[in-house]
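Chain lettering (A, B, C, D, E, F and G) follows the sequence in which the chains are written, and residue indices restart at 1 in each chain.
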Amino acid sequence: MELILVVIIGLLYASGIYMMLRRSMVKLIIGLILLGNGANMLIFLLGRIVKGKPPIIDSTAKMLTEIYADPVPQALILTAIVISFGLQSFAIILVKRAYKITQTDDLDELNTTDEIYE
Amino acid sequence: MILAILSGFILAGCTPFISKFIKGKGSLLLPLLPFGLFVYFISYLKEIGEGQTFKFSYEWVPSYGINFGFHLDGLAMLFALLITGVGTLVFTYTTSYLKGHQYLDRFFGYLSMFMASMLGLVLSDNIITLFIFWELTSISSFFLIGFNNDDPKSRKSALLALSITGLGGLFLLAGMVLLGFVGGTYQFQELLSQSNLIQDHASYGWIVGLIFIGAFTKSAQFPFHFWLPGAMKAPTPVSTYLHSATMVKAGIYLLARFTPLLGGTPEWNTTLIIVGAITMVYAAVHSIFRIDMKGILAYSTISALGILVFLIGLGTEASLLAAGVFILVHALYKATLFLITGIVDHETGTRDVTVLSGLSKVLMPVAVAAGLAALSNAGAPPFFGFIGKDLIYEATLAYGNWAVVLTIAAIVTNVCLLFAGLLAGFKPFVGPLPSNYAALHLPHPTMWVPPLILAGLGLVFGLFPSLIEGVLVQPVFSSMVIEGAPVHIKLWHGFNLVLGLSLLTLTLGVVLYMILKPSSLLFSKTLKFEMIAPQTLFGIFGKFFNAFARFWTGLFQNGYLRNYVITILGFLTILLAYRLYQGVNLYIDTAQLTSLTIYEVTVAIMMIVAIIFTVFSRSRLVAVASLGVMGYSICLIFLFYSAPDLAMTQFSIDTLTVILFVLVIYNLPKYKNFSSKAVRLRDAVLSIFFGSLIAILTLEVLAEPLNRETSIFYAESAYLLAKGKNVVNVILVDFRGFDTMVEITVLVIAAIGVFSLLKLRLKSIEKE
Amino acid sequence: MIKTKFLSNLLLSLIWVAITGAFTVENFLFGFALSFFLLWVSATDRRDNKYFNRIPKLVSFVFFFLYELVKANVQVAYDVITPRHYMEPGIVKIPLDAESDLEITLLANLITLTPGTLSLDVSEDRKVLYVHAMYVKDKEAFIASIKNGFERKLLEITR
Amino acid sequence: MTEILVYILSTSGAIFILLAAVGIVKMPDLYLRISVTTKAATLGIGLILLSAAFYFNDNAISARVVAIIIFMLLTAPVGAHMIGRASYFTGVKMWKKSKVDDLKGQYDKKTHKLKSGEEDK
Amino acid sequence: MSISDYLYYIILPTLAISILIIFVRFLIGPKLSDRVVALDLLLTTGIGIIAVYSILSDQPAFLDIAMIMALIAFLGTVAFAYYLEKREKND
Amino acid sequence: MKTIIFKTASTYLLPLLVLFSVFILLRGHYLPGGGFVGGLIASIAFVIHSFANGLEQTKNLIKFHPGFLMPVGLCIALISGAAPLFIEQSFMTGLWFENPIPVIGMVGSALFFDAGVYLVVIGVTLTIIFTISETL
Amino acid sequence: MNNPYIVLPVIFQLFTSVLLMFFWYRVNAQRLITIICSIISVGIAIWLFKEVYQNGILTMQAGEWQAPFGITFVADLFSTTMVLLTAISGMAVGIFSTGSIRNARLKFGYFPILNFLLMGLHGAFLTGDIFNLYVWFEIIIIASFVLITIGGEKAQIEGAIKYVTMNLLASAIFLTAIAILYGLAGSLNMADLSIQVAEIENRGLVNVVAILFLVGFGIKSAIFPLYFWLPASYHTPPPAISAVFGGLLTKVGVYALLRIFTLIFIPDEFLGNLLVVLACMTILSGGLGAILQVNMRKIFSYLIVCHIGFMLAGLGIYTELAIMGAIFYLIHDIIVKTNLFLASGLIFKLKGTLNIEKLGGIYKKYPKFSLLIAIPLFSLAGIPPLSGFWAKVFLIEGGYKANEWMLIGFIILGSFLTLWVIAKLWAEVFWKDAVALPKKINVKYFHELKPFKRWAMVIPIILLAVTSLYIGLAAEHIILLSKQIAAELMNPSAYLDAVLGAKTETP
């Protein structure tokens, strides 16, 4: 399964970037989301994956003894997911605002702030 | 000693607060400061004459070997006296020249700042401190040149001067630091003892080169000379003080000072001779075609500076002596001429020598001063200038194989300079007085007395060279030539070749004056040569540089986000690929991989297809829905691989994201395809390449063993120490609770951001 | 009103106990307190319902529903697995006797849950329920079957 | 006994889900797809969940399973209603062999208010 | 054949295949509504898979996820419905 | 959107979901769940309610601006994190009551912290979604 | 040594934000709280600095979980210096904002967000945990997103799109890097990572990860060719916001680069050379950009890029001296850049524009302001002995020592371009005759402000100017400090001992 996950991760990164390069604000956001998911999956996979053994201590036990999934990456991803949610919500709204102001989805038209003279 | 230097800065710092006082009667008190300092330095004159030197050291940055170490020897003394002496006169002169000027206070502020910096420069023993003062003179000069800041030309000149001297200064800094690095200290006196080591060092060439650039820019040597004529936009006292008597000589000072340390090598001498010679001839020739008194004086100053560089470059005892004397000679007559120019300008409103004439009839004392200065400049006996010129010819004549060439160059220069001197100091005062000048009155004595004093000194020192021979010239010489023979300067050497040359010069100059009448026509003709002048080349370079800046900035900061992203990712991809290729053996550890099951394959297929669908879908909503599918697939993957908390969170957040999108997309435009096929192909290639790199990297990392110490600790102590059984949750609220704290803060900020983005509408009438 | 609230409260506390899975008095009390708070928070207009009398009818209704569910499922399943479509779909307007929000909603949802039918919407004046159905051989018969089946049985419980 | 129950329940659940899956692909219009899927799937999932409840044979888990089923019974038809209704607005066509459409013309295009057609009575 | 074998070799594949079939509807659409319905069904089926998986890995905790899914899955559907109506209203 | 069916269902879903969210919050320390997911579920409950009944109704229901929950939640989390500082222990050091409490189990600062998280998440999600809905 | 209170700068900042949020619509209360709390927070920072200066490195193991298991906060000289600078800058910006930011923005959470941003900065400097650093970075970027868009004017939004995109990209890269690092080393504690990474045999992989960190932090610190977001956006929000951005935001990236590449990834030859080349190109790009601009804040923005190059140069040379130069520059730059952006805010209030072609006559009309602003301006230009000068000396000597002649050339070029731009700016804005400007209706001019607001805008500028004068004239103190910091960075054993003390003793 790792191999397939690796492919998926690569695909997530690739598609995220491809979408970011598409000039469209909406696609940009989607690209960022894809990229974020890619990073999360990467953390997950690189923490090494274990099937069906969540890091939850049995009601009768006092510690995890057998094989169990590494809880650290999970905690990291949880944090990362939530943070990305915050950032993504903001980005989505930003795009909405930007469209309202500029009336275009075309990022190429948002270049006045880079001009030398203004 | 430090007080002597600081006093100027303190005065400068005070000016904004005592501006009323300065603008009133107080201005007359200001010259007391340079005068006091002058007297202070004079008090050391005797000991200096006896060969003593004085050291003053004040800690500043001991950890980096930088201090206010001051060293008062002959050379420093000469400059200190020039600075304070000419300073006194210039300060005095200014009180009248700029009387009632709105910003007199500022002017004095800058002037005293300059004086202090200049003093610091010549007295510093620490080469970094020296550099600091050096830069301060540049910046004071900037403010002074731009003093008439309403005038765009004035601003432009100030900027030009600062550019050239500032750039030179930076090279000088590099040179100083390199010198300090090679010599292991920043103390000049300590460096002096390591002269041989430094001269043999591989970086010697760099040191010399860098210091040269600094000196040449400051002292307006060809091809950096062109800022100086522009600097004449400054009020006359400034031209007098900075741009003829003192600041421009800082470069000379530097070269003289470093001669015993770095001099005596072909690199040093040859460069200086060539640059000096070119400058002196080039500027001298230029000066004779000018019609603006200040312009004439500016070019003749450049030429004189060239002579000095040239003399230092010759490096013989004779030439160094000549240099030492000529510094003083030039300061005296050139300052006079400038001050006079100021008076003329002040009174008549013009500096055009083609218009001016006969002024001696109304401005007699001024004319006297001018005449004296012109004669000293001409090198006519018995003026101090005569001695100076003698020494120069002596030096060139003694210079081995090249003596003839060098002497001819010196003669040409001197002839032109003589002509220039006459033009500025003689021509305006003789001949008929135009009627519109008939009513002119002699200005306040504070204006005409200073030039008279300076010019007078030129005569006095000429007549009685012994006055300064022992106390000043000898120590100056000793500073440059450590083990030189005792020097003697005198007016009369008897009839010899040198005298002949002097006379020849005099004659040729006068003849030239007879033949060549200044005219604006001629002047404008000479302007044509500026096509190939350095300033034009610099201008072209500047334009080119600007165009390059435009090109470069446009290349990167082109306004297109996609280009930015592609640059960043391209950069990352190339580096990653290179590093992977360079240091990683591709290797997959299949043994550690888990097997596949049908549900995993299903989820994987669904996910992959969903991703592709998201990317290629033509409808935003379908893309969002596919994104949802993808999210849910991830959720399942989390679940399969033992992360129920993750699965829950992913699912909830995914749903919320979909809601957000759906709510927002409703007033977003429909997808459009903005890019061409080729662009899409390029982007696809880059993306896939990058994705593959990440995938490869992941595989490689998977093959490495993982240190499980942390996770084992959590597994063992989650319940026993932290009283929780869901280890992930325990990590979130306890072991790594800080992360969570921050993370909810992120959420809060995002919410506030959304709130303000959507709700806050600044009304255009509301004031900010 | 008070009674209704109390009942809802009780119901919610029971659900709490069920989902937490801890059948203890403390847990029940906790759930009761919690749901009391929630009901206070979410107090909206609700009609007075008498639960106790309805329980036997409720049970029989559940079985009726399950029967309908399975029956319809089989019917639909047959249509799905066989290649030919036997259905004659359409949107049918069913006049409502049910009046309260709860009644209407329950009815509509139950109809939807039964395969082959889908409650699309209720008219603004609550007189009519529009149902999409797969088998509308006879419109009137279909309406009658709903009204006599689900609706009647449902109303028996709720009234 | 529980084992057999688990077998039966899970099998029938899976079958219903499969049916729903086939149905959603095969059915000729959206309303039919909704019709077919909502219930088949709900029933199927309910059965599978029940089998899990029997398998674990633990009060807490059974309670949870019941809760899930209740949730689904509560939400699934609402979702179906919402999307069906919205689709009707947006002009999703019914299958061409459909017999009646009482809803036609009953929606106010602007306010989305639904007439009963019996306002006068 | 043990229960887990049965679930593993018969039930899960059935569900997986169902998922793929449903996914086909998601892909072919043709209308957004079709996809939304497919998405909803995917989720529902997902709940089934979770339930079976929780039996297989003997982790009743996984049922909680099923519970959450059951609760909020329809929100997506509602949101899309909301959107469709809004769009209609504004067009 | 304001269909009778949805409205009625949402009226029942709201308390159910909120109840469920509290449950998820409380058991987080032992089983999957916690403040986050709990908060998300609670907010989803209100979102559903707002979809069904309109924003105004939901706002009236909550009685205060959901944004207010953000500083409150942060405050709770901050206090539970910073409390140990007063006994010269590090930030976020767990402080526990001695005896377990029924249902919840051991009560300690971690629980309060999680409760803070719960409130913040509700505040955040609702602020975002409500604001968007208002300015649609 | 353990000290639970080193986390106070962070906690206090959070407390301030929460407090401010409770006064959501009461702007005057917010103003008061901001002023008081920012002063207190400087006090705390000074206290912390003093503690660390006297006692050496202090640590705080959050939740009393020993490193590497919990999140460790480490207050070494570098981080506390940064905290102190942040607090000072923050105070200046906070007080300035009470005068310059209009009420509408204040009613939408300006002050809480500003304080959250400062909290993020404090946290990023103090944390000793790489993932925690990521989290702090996220606080910083989200807070900066909000600040850059607050008010939602067209330019702000346009700039923000780029700013947001590239920062999110940076975050994604950073997160990727963390993922791989964790996958390799199994730890998140930076001190522990220092040890673990050194033990990894597959150096090739380590080098690859280093690249990810380089680019991730590189985007944040605006190095070449990753700086695009900065000139596109920094000039768009109100000046007070630009000030906190210009002064602090890129610096946190530099801080991270310095930290990571001295503690975890020791640059090999390739990376060292790469850093040098990047430093050169950064200096060049920033300098070239700056000379073209006509908007004052854009000029400063490009100069930020240019000067980041100087700091990067120090890292590239990688000797104690050069790093000391970089640190000195960092210290100077934070104060001066903050001040310049604040000054541009003042100028905007005076004139209603920041276009240097339209500005003019300020020296004539406001000589005291001009002289005040001249201090940061010429400090930035590196006029000795003002603060900008010193670092150059160290960098140049560092360059000689490492034989990096090209770099020295670029440092000279960058310094020259800076000098030139500043001189031009001075000539245009201060010297040039006033150009008649139409009165803008939406600008509340300085003279229209209440005295309190006027003072609120001027005092911070004075404060920072005095600080920068101190840095330049009392360079000895700052040099000693930078030297000590550089020594600590180049020899992290004290850091490791402080964090892992117990662990390393009992292997």
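Definition applied: a contact is a pair of C-beta atoms (placed from the backbone, for glycine too) under 8 Å apart; a residue touches a chain by one contact, two chains touch by 3 or more.
None of these values were measured; they are calculated from a predicted model.
Colleague: So which chains count as neighbours of both subunit A and subunit G?
Modeller: Common contact partners of subunit A and subunit G, which must touch each of the two, are B, F.
Colleague: Which chain lies at the heart of the structure, taking centres as C-alpha averages?
Modeller: Answer for the innermost chain: G.
Colleague: Relative to subunit G, which chain has the most distant C-alpha mean position?
Modeller: Chain centre farthest from subunit G's centre: C.
Colleague: Farthest from subunit E in C-alpha centre terms, which chain would that be?
Modeller: In terms of C-alpha centroids, the chain at the greatest distance from subunit E is B.
Colleague: Write down the chain pair with more C-beta contact pairs when A-F is set against D-F.
Modeller: D-F
Colleague: Rounded to the nearest whole Å, what is the centre-to-centre distance of subunit F and subunit G, using the mean of the C-alpha atoms as each centre?
Modeller: Comparing mean C-alpha positions, subunit G is 36 Å from subunit F.
Colleague: Subunit C to subunit G: how many Å between their CA centres?
Modeller: 62
Colleague: What is the distance in Å between the mean C-alpha positions of subunit A and subunit E?
Modeller: 22
Colleague: Suppose each chain is reduced to the average of its Cα coordinates; what separation in Å results between subunit E and subunit G?
Modeller: Result: the chain centres lie 48 Å from each other.
Colleague: Can you tell me which residues of subunit E touch two or more of the remaining chains?
Modeller: Touching at least two other chains: 15, 17, 19, 36, 53, 59, 61-62, 64-65, 67-68, 71-73, 75, 78-82, 85-87.
Colleague: Quick check on subunit A: which residues sit in contact with 2+ other chains?
Modeller: Within subunit A, residues 16, 20, 25, 28, 38, 42, 45-46, 48, 51-54, 56, 59, 72, 78-79, 82-83, 86-87, 89-90, 93-95, 97, 107, 110-114, 116 contact more than one other chain.
Colleague: Which residues does subunit G have that touch at least 2 chains other than itself?
Modeller: Expected reply: 14, 17, 62-63, 131, 135, 138, 142, 145-146, 149, 152, 161-162, 165, 169, 176, 180, 183, 188, 231-232, 292.
Colleague: Pairs of chains that touch, anyone?
Modeller: A-B, A-E, A-F, A-G, B-E, B-F, B-G, C-D, C-F, D-E, D-F, E-F, F-G
Colleague: Okay, in this complex, where on subunit D does subunit E touch?
Modeller: Within the complex, subunit D contacts subunit E at residues 3, 6-7, 10-11, 13-15, 17-18, 20-22, 24-25, 30, 33-34, 37, 41-42, 44-45, 48-49, 51-52, 55-56, 58, 60-61, 64-65, 67-68, 71-72, 75-76, 78-79, 82-83, 85-87, 89-90, 92, 110, 112.
Colleague: Could you list, by residue number, the parts of subunit E that touch subunit B in their complex?
Modeller: 8, 12-13, 15-17, 19-20, 23, 26-27, 29, 32, 35-36, 39, 42-43, 46, 49-50, 53, 59, 61-62, 64-65, 68-69, 72-73, 75-76, 79-80, 82-83, 86-87, 90
Colleague: Could you please specify the touching residues of subunit G with respect to subunit B in the complex?
Modeller: Within the complex, subunit G contacts subunit B at residues 14, 17, 62-63, 65, 68-71, 100-102, 104-105, 107-109, 112-113, 116, 119-120, 123, 131-132, 135-136, 138-139, 142-143, 145-146, 149-153, 161-162, 165-166, 169, 173, 176, 180, 183-188, 196, 200, 202-205, 207-208, 211-212, 214-215, 219, 224-226, 228-229, 231-232, 238, 270, 274, 284-285, 288-289, 291-292, 363, 367-368, 371, 378, 383-385, 389, 392-394, 396-397, 400-401, 408, 412, 415-416, 419-420, 423-424, 427-428, 430-433, 441-444, 448, 475-476, 479-480, 483.
Colleague: Please output the residues of subunit A touching subunit B within their complex, sorted ascending.
Modeller: Contact set of subunit A toward subunit B: 1-28, 30, 33-34, 37-38, 40-42, 44-46, 48-59, 61-65, 68-72, 74-75, 77-79, 81-83, 85-90, 92-97, 99-100, 104-108, 110-116.
Colleague: State the interface residues of subunit B toward subunit G in the complex, per the touch definition above.
Modeller: 16, 59-64, 106, 128, 131-132, 135-136, 139, 142, 146, 149-150, 152, 155-156, 158-159, 162-163, 166-167, 170-171, 173-174, 177-178, 180-181, 203, 546, 548-550, 552-553, 556-557, 559, 561, 564-565, 567-569, 571-572, 575-576, 579-580, 582-585, 694, 697-698, 700-702, 704, 706-711, 713-714, 734-739, 741-743, 745-746, 748-750, 752-753, 755-757, 759-768
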